[in-house]
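One chain, chain A, links the two complexes that follow: it is found with chain B in the first and with chain C in the second.
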Partner chain A sequence: MSITELLYVLFNNKRFMIGFGIILFQLLLSFMGPLLYPVDPFSTDNPPWTPPNEVYPLGTDRSGRDMLAMIFHGIRNSLYVGVLTGLFTIAMGLVVGLISGIKGGILDEILMAMTNIVMLIPSVLLAILIITYIGYENARLELVAFVLSITAWPGFARAVRSQVLSLREREFVYLSKIAGYNSLKIAFQDILPHLATFTLVSFVNYINLGINGEVGLSILGLTPMNIMTLGKILYFAAITQAFILGKWWTFIPAGLLQVLLSVSLLLIATGIDEVFNPRLRGM
Partner chain B sequence: MSYDLLKTKNLTKVFESGFLRKTYIKAVDNVNIFLKEGEVVSLAGQSGSGKTTLAKMILRVLEPTSGEIIFKDKNIWRDLKGLKDLKWYWRNVHIIFQNPFSNFNPFYKVDRTLQQALELIGIDPDSHEGKQLIREALEVVGLRPDETLGKYPHQLSGGQLQRIMIARAWIIKPKLLLADEPVSMLDVSTRGKILELFLKLRDEQKTTVLFITHDFGLAYAVSDRVMIMYRGKIIEEGTPDEIFFNPKHKYTKELIESVPMLYRKWKFEL
Partner chain C sequence: MSRVYKFIFTKLVILIITYFIALSIAFVLPRIVPGNPVQSLIVSLASGSLSPELLSDYQRRLVEVFELNKPLHIQFINFLRKSFTGDLGVSLQSYGEPVVSLIARHLPWTILLLVPAIVTAWFIGNYLGARASYKRGSIFEKVTIGAGMVVSQIPYYWLAMTLIFALAVLPRELWGVDLFPPGSAYDPVLQPSLTLEFIISYLRHYVLPFLSLLLPSLGGWIISMRVIATMELGSPYIFYSDTLGVKDKILFRYVLRNSMLPQVTALGIQLGFVLSGQIITEQIFNYQGMGILLTRALGVRDYPVIQGVFMILIATVLLANFIVDFVYVLIDPRIRLGHRRD
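On to the complex of A and B.
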């Protein structure tokens, strides 16, 4: 199948299309929003606790920050953290899994022992420790993504390793080997293409993990104070007791968008899986 | 003609599995074989008897537990160092696997398999010479280059794919070709033609062919010498006629009995 054919099949998949549509909508919001509605999300010059009206479409919070501007900036930064987490996790998992699977032997033992140890570390605890050590004033979104991916890669690395172990016993790998190809060339030319769809699906899932993880860390107050994310909006709502005071406009829209983001990424992941995994087709 | 191209000394491979309570499987057990230049030798035996394990060890992709493999006075697991030596070895010893569809990486066009062969013998696949050689090789094995090149593996039939594998061997011109059940996935009418190609390779290039099969009928038809393998051991060895008319081991008799023949109804023992 050529790339265009693949894309055609992919875009004919309902789940993928719905997920893709939602993501596209959110991307548009995050990039067009700040241009069409140029309000500083940290400006506190507005009246506090204003319900949605003509001047403030989504109202303001206790400090008078404009909710709509917060959401526009929040989606963008949340997606950024998510994609970064996905990239970090995939990169670490692929490197460890490929080396472990192809090289085998003592290197495999060491890497897998390491993977197992990391797997046992509770992710939130480690994140809290790292961020507290560095200090959340110095923490940037890149650090948040890194902290989240540090505990996420072992699962992916193990999956990659087991697939490599089965792939490297295939005849075409032997044939490449006896044509004088070294391990690196075999890894890139013969093995990686077989892992492509799995990697893509995992990447989407780890974006999801990054977005949700960022919300979790934000609610604990561990993410940078000067950068707006969806998690930060929920954090501000929590510390100003908006849940108790019933100021719904400060957390419902952000929460909904966050759920929508998660759902759309899951839909995309299952959509890709359905298209590329023939056993799931037509279900 | 008389010197041994390849021989093995007490070759053994034990697979171990399990962590605390280990189980050991002796796949190849103290095998001593020799192959002379220009002969077709069959290695026959049932599935699981260690034929493919033996072939992989000779191909130097699976390390033996103990024993030696000597090719042209070199112990291939001890004396070959670095990629240069290995390439030399694989130029001399090559393999054709059983399943034509898994011989090819589905992500690449079938050309890649032949281009790999050219890279191995040090010819640039993009050069005029390389392209010419590929076309020539395909014609030798009875394929039309224009219909074959640029196709993906799933667009060709098993017989065509297996011919491409033989074309690869023709380009490399190895001294020893391991054929691991090369025709067992093909239909009977294609088989004969593929087998002819092996004999042609032997006649034209003096290639030694180690023909691995579970079908004694095939072994009888193509080979100068037959070895019967059973549970990791070579239990019998000789010319096809010797073994066919005078089998000594009980398993050999069973193997010969099980060859289906025309004008003979099969006897089932229930």
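On to the complex of A and C.
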């Protein structure tokens, strides 16, 4: 299938299109928003606890931060953490899974034992421990993404390995071996292209994991204080007890946007899966 | 050695190795991180407003837990010995209470909150997921799956906030009704006891945190169960039974039972996720479990407590995983009877 054909099939998938549309809309919000509504999300010059009105479309929080500005900046940074987490996780998982599946033997045994162990350790706990000792003052968004992917890669690595194991027995791989190609070339030319869809779907899912993980760490106060993310918005709502005081505008919109983001990523992932994995169609 | 024992033995070995590695991480981290966090905590405490005797007391406790004045290998051996004998040091805050007794006070609340939510979500979610896949194409399926998909993506903490706002704060503001209390595990005027009054108060405080943990987890089970059950529905034995004219009810029971098996193992993995959601849930509900203990310790960098909570929670998750594996052996005839050759 050529690229245009691929895109045509994808864009004809209802789930993919809905998810893609929502993501596009949120991306647009996060990039155009700050231009059209140039308000500093950290500025505390506004009156506190203002409900939504003409001047402050989404109101302000206890310190007088403008909620709409916070959300525009928050979506962008949250997506950034998510995409980074996805990239890190995919990279680590692919390397380990490919080595394990192609090389086999004792190396495979060791790597798989490693994944078994990392999978058993609850991710948020490990992330908390790492960030506590590094110090949250030094924690950058990149570090948050990295810490989140440290515990996320084993599941993906195992899946890649099992796919490689079945691909390894196919004729075209044997032919490459007979032709004398080394394992690196076989990995890149014969095996990786077959993993493309699966990798893409996992990537989307790990973006989701990154966005959610960031919010979790933020609420515990473990992410950088000077960067606005969706998690930071909920953190401010949590420490000011906004939900008990009935200030709904400080956490309902941000949370809804996060749910929307997650659902659309899930829709994209299932859409891609359906298109390339015909057995799942019509489910 | 029969297959069952082999299976259990392997799992036990993995479990011990994993706990050992988790312990090693907890040991290595504070020592390799640049700038030595423990040392810098002592420095920052010194520049604070603490009285000299309190400061030297803090320093003594920190040095006691981390034993920074001894060679590394001695530190490690002592650390392991202490972890296995349950000596987790003394909290910097809380008037120097031992970490173990702090944890012993908080852990029961966490388990009471967590276990019913996880188990209920597992049963209801799997039943609904299997039902949805069995009634393929019906409105029931569309509604269940759609709702499951959305609900599974709702973050625990946001749901917690929204539930407090919608079911505790709003009714009071609008109609002056105290439907549910907005936080805490029980009425602060009561003492934990087995009286009817306390149990009722506990249950009323329990509803909201329970729901906030139950719903997202429920959605996850619905989604994953549907995939498994759909595959099960495609297997030859179902087709055969269907041709034989087996009743719908019995057929559904076949599908449900066979699809439950992989979900048992998934339960162990899910546990870690729910636990992490629960740490934050507790913070929002001000529910006096391990999550609150951890969050408070994080705020003041009470390293002995953070380290202790980390180790106990991981031990709990590992133990639960082991129990799940054990249950799996009991209910899966392929593992239980696999060694028989008749």
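Please note the rule applied: the second predicted complex is superposed on the first by the 281 of 283 C-alpha atoms of A that agree within 3 Å, B and C clash if a C-alpha of one lies under 4 Å from a C-alpha of the other, contacts with A are read in each partner's own complex, and residues count from 1 in each chain.
FYI, a contact is a pair of C-beta atoms (placed from the backbone, for glycine too) under 8 Å apart; a residue touches a chain by one contact, two chains touch by 3 or more.
From a predicted model like this one, the values you see are computed outputs, not experimental measurements.
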item: Partner chain in contact with A:21 - chain B first, chain C second, else both or neither; value: neither
item: Chain B versus chain C as contact partner of A:170, first or second or both or neither; value: first
item: Partner with the higher number of touched chain A residues, chain C or chain B; value: C
item: Partner chain(s) touched by A:179 [first = chain B, second = chain C, both, neither]; value: first
item: Partner chain(s) touched by A:237 [first = chain B, second = chain C, both, neither]; value: second
item: Chain B versus chain C as contact partner of A:266, first or second or both or neither; value: second
item: Chain B versus chain C as contact partner of A:51, first or second or both or neither; value: neither
item: Contact footprint of chain C on chain A as seen in their complex; value: 113, 116-117, 119-126, 128-130, 132-135, 208, 212, 215-216, 219-222, 234, 237-238, 242-246, 248, 251-252, 255, 258-259, 262-263, 266, 283
item: Chain B - residues contacting chain A, complex; value: 56, 59, 61, 83, 86-87, 90, 94-95, 97-99, 102-105, 107-108, 113, 116-117, 119-120
item: For the chain C and chain A complex, residues of the former touching the latter; value: 14-15, 17-18, 21-22, 25-26, 29-30, 33, 35, 37, 40, 149-150, 153-155, 157-158, 161-162, 164-165, 168-170, 173, 182-183, 226-227, 230, 269, 272-273, 275-277, 279-280, 283-284, 294-295, 298-299, 301, 303, 306-307, 310, 313-314, 317-318, 321
item: Residues of chain A touching chain B in the complex; value: 170-172, 174-182, 189-190, 193-194
